[in-house]
Every structure is written in structure tokens, then in C-alpha cells.
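Right, I'll just put the structure down here and ask away after.
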Amino acid sequence: MIRVQQEDFDPAEEYRALRDSGSGTGAIATFTGLVRDSGDLKGVTGLFLEHYPGMTEQVIEGLVREASGRWDVREARVIHRVGSLALGEQIVFVGVCSAHRGDAFAACEFIMDALKTSAPFWKKEITGDSEHWVEQKAADLDRSQSWE
Amino acid sequence: MIRVQQEDFDPAEEYRALRDSGSGTGAIATFTGLVRDSGDLKGVTGLFLEHYPGMTEQVIEGLVREASGRWDVREARVIHRVGSLALGEQIVFVGVCSAHRGDAFAACEFIMDALKTSAPFWKKEITGDSEHWVEQKAADLDRSQSWE
Amino acid sequence: MSADNTITVKFFARLREELDTASLTVEAESDLTAGKLLQSLAARGGSWTQLAGAHPVMIAVNQVMTKPDTVLQPGDEVAFFPPVTGG
Amino acid sequence: MSADNTITVKFFARLREELDTASLTVEAESDLTAGKLLQSLAARGGSWTQLAGAHPVMIAVNQVMTKPDTVLQPGDEVAFFPPVTGG
């Protein structure tokens, strides 16, 4: 289940869907990202998230497929918000359920890391009346390449 | 926040507490373990969880302290149930919030792995009218030692 | 993808804003690669010159990330954008 | 921990069941280690002989995991139990 949407999401609903997704599920790992000051600018009040409709969903589907090939993944749910988001709002959710703890953690972290480096989303930081496109961080590229 | 209890827990409440725990939180990683057939016996219908009151809480506090020394941990919540649990029930929750994604994942997985090898809990599998203490798995020891 | 002899070009994020262009179409030519298309757009001058290499530009053809030497076909959708920063 | 000259010994899980004993007390002796206490309990015979090494036994003194050569003090709480299997 992959969704790209402006609306907020409820991690509790996603958790329930993961838990209900089938037998043999022993492990559910989730990650939620919240809007915070990236440190590039002082006094950030929010973000604007742009994406490439169509490509975004395809890329995320590919990442989930790749994770499912590498680990035991019974169900994966990915939500990424777009549009205007205030500081503290939820921006991204990745949840994986698996028969095994290690697989749930690995698949969840892999999808999240790869999302940051290969899904076509761009963040603009809003600071009062100015705005500023966030630059890609070398650390994110490194984290994603460590999975290769 | 560490709890050892017979009652079920609500991961949604734990998530809310993690999210509300402070500023600078950008990343929340959670893990929930559910009762499943360990594969040691066929036809398992449930578990009985015994623990060492007092020591259990001390050990878990030590694990959270160790994780907080190694990674950025703004707040960690650990719940472990004891007593009789049916197949499919929630048994353990670990949630970590951090400024950074990698730290949230690492601390959450470290606490969960170490919990399995160093906290004094013992599982007995119930199969109809027979029962059977679960043996420690070499794989769990290996996973925990990989953090050293 | 359009059925005629053109290629659709899309821009996102900082590029979309600085070029003041979300989308345009160019004529398909034989042996036109994504990289050559990028260079011909950079030759328009003004803010377009940044496509010549001042900033990293990522390329997708038909919504799949690709390299500059990918040959473009009539009807293709090409996108140019800065390195992604989601999640 | 008790204030007198005894050591409290606790058993958990399979050991508690097979020894049919959750807790007992022994007299503190100078230079008594957790390992020596374990051997003296194993010498009781019957199901207690399993403490002699047939199965791995983990040791905690005053609720902290420790090794067999730990010297016990009056008032200590010693626990013997199988490898843990929680989580």
C-alpha cells in the first residue's frame, strides 16, 4: 500500500492494517518522519513538498518490491505527504510486517533510506517570508549506498 | 518509560507519547512483537511469559541507558507483557524518538535485540494440554553480539 | 507520452522555479540523447545556462531515472530535476 | 536482601518447575561463590543434579547477571535460571 497525499495520516490506522494483514506476522517495524528544522536555515516555520506525480508511486513500488525480494516482507505500507507542512507535522510513514524481527527492521530502514535518495520529492524550507530549496545531504546518499 | 505488565498495550498511545516528548524530534522508530508459533512445536495456541520482577526493569533501564549513550535518543518507551498470551497477541513494544532517522532505527533495534538475550523473561509454549519451555535461539545471541 | 513527433520535457523544484517552466515540448530528432537535449536547453542563455553543469541535474525518461546517454524516442517524457530531498 | 546471615536463592522458569522450588535460603559462608553454591545444590541429588552442568544455568546476584566466581555476601539474593527467551 503506497500513498502520496496532502492530508495527514494516522500511524495507528497503518499499524492496525499491518497487524491485520495476515497470519505468521510476528514483527512489525514502523518509522515516522516529522518536519524539523534541517539546520540549513534558522527559524524555519514549515516546509513545502513537491513531487513528480506518477514517477513517485512507481519508484516507491520498486523499492517495496526490492525489499520484498531481499527480506521476508508480509506487508509494507508507505505514505509520503506533499504540499505545505508546518514544523512538527508528520511527513512520511514506512511500516513493514514480517515473520522475523530482523527482516522487519531491515526492510523498513532500507525503504526509508532509499526513499530519501531515489524517490522524486523535493523539500523547500519556509522561513517567515523567505524560502529555500533543501540541498541533498551527502549523509543520505551514503546511508542508501550502504545497502548496495 | 519502561513497563512490565499483564495487560495489553496500545502502540498508538505509545507513539503519541513519543511524538509529544519534546522538540527536535524528527524520527520515531517503533517495533511491536506479536505471539506466533516459534516453530519448535506444532499447534501452539499461546504462550506463558515468566519474568524476574525487579531485575527485569533494571536490565531494561540499563539497555535504554546504553542506547542513549550510543545514539541520539530523545525518548524511549519499552513495554513487555507477562502471563498468558494467545497467538496473535502483542507481546513487546519498543519505541524510540530521535532527531535523526539512523539513530532512531539503531537504538530501537539494539534495545529489542538486547532485550531478547539479556532481560530475564522466559516463554513457555502452550499446545492444547501440553506445554514446553522455549529454548534460546543461537540466532538471537548472534544478533545481540553483533552490536558489541 | 504524446502520439506525435515531439518529446515532453518537465522540470521540478528549484529548476522549475528558476526556469519559470514546468513543462515544454521539443521536436524529436534521431540520435537525440537526454544529455544532448540538456545541452541544447542550456544554450538558450539566461537562467537556462545552469543546465550546463553549474548544478547537478538528475534525469528521468518516462518516469525512470536514467543517464545522459539515453536516446530519446518520439512521445517520450523527459524530466530534469535537482537531487531529491524527500523523506 | 535479608539482614541476617543467610543468602536467598531464587529459581525461574524450567528450573523453578523441575526443582519444584521458587526460592530457598542457605547459610552464608566465607568464600562461598555462586558457582560453589550451584554445585552444593546439585549434590542434593534427584532433579537437582541438572544444576551440575547438564543444561546451561545463568546466574544473577542481587539482580545483576554475573559469573560463577562471584563471592556471595550475607543478605545477597542469588538467582539461577535458564537462558532467557523473551521479546
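Points worth noting:
Per-chain numbering from 1; labels A, B, C and D assigned in written order.
Here, a contact is a pair of C-beta atoms (placed from the backbone, for glycine too) under 8 Å apart; a residue touches a chain by one contact, two chains touch by 3 or more.
Since the structure is predicted, the reported quantities are computational estimates derived from the model, not experimental observations.
Fewest steps needed to get from subunit B to subunit C, stepping only to touching chains, is 2. Our note on geometry: subunit A versus subunit B, Cα centroid distance of 24 Å, whole angstroms. Between subunit A and subunit D, the centres computed from C-alpha atoms are 49 Å apart. Centres computed as Cα averages put subunit B at a distance of 26 Å from subunit D. Residues of subunit C in contact with at least two other chains: 87. In subunit A, 33, 101, 112 are the positions where the chain touches two or more neighbouring chains simultaneously. Touching pairs of chains, sorted by label, consist of A-B, A-C, B-D.
On the subunit B side of its complex with subunit A, the touching residues are 11-12, 15, 19, 24-36, 99, 101-102, 104-105, 108-109, 112-113, 143. Of all residues in subunit C, only 10, 12-14, 16, 60, 63-65, 79, 81-87 touch subunit A in the complex they form.
Only residues 33, 49-52, 54-55, 58-59, 80, 91-92, 112, 115-124, 133-137, 140 of subunit B touch subunit D when the two sit together in their complex.
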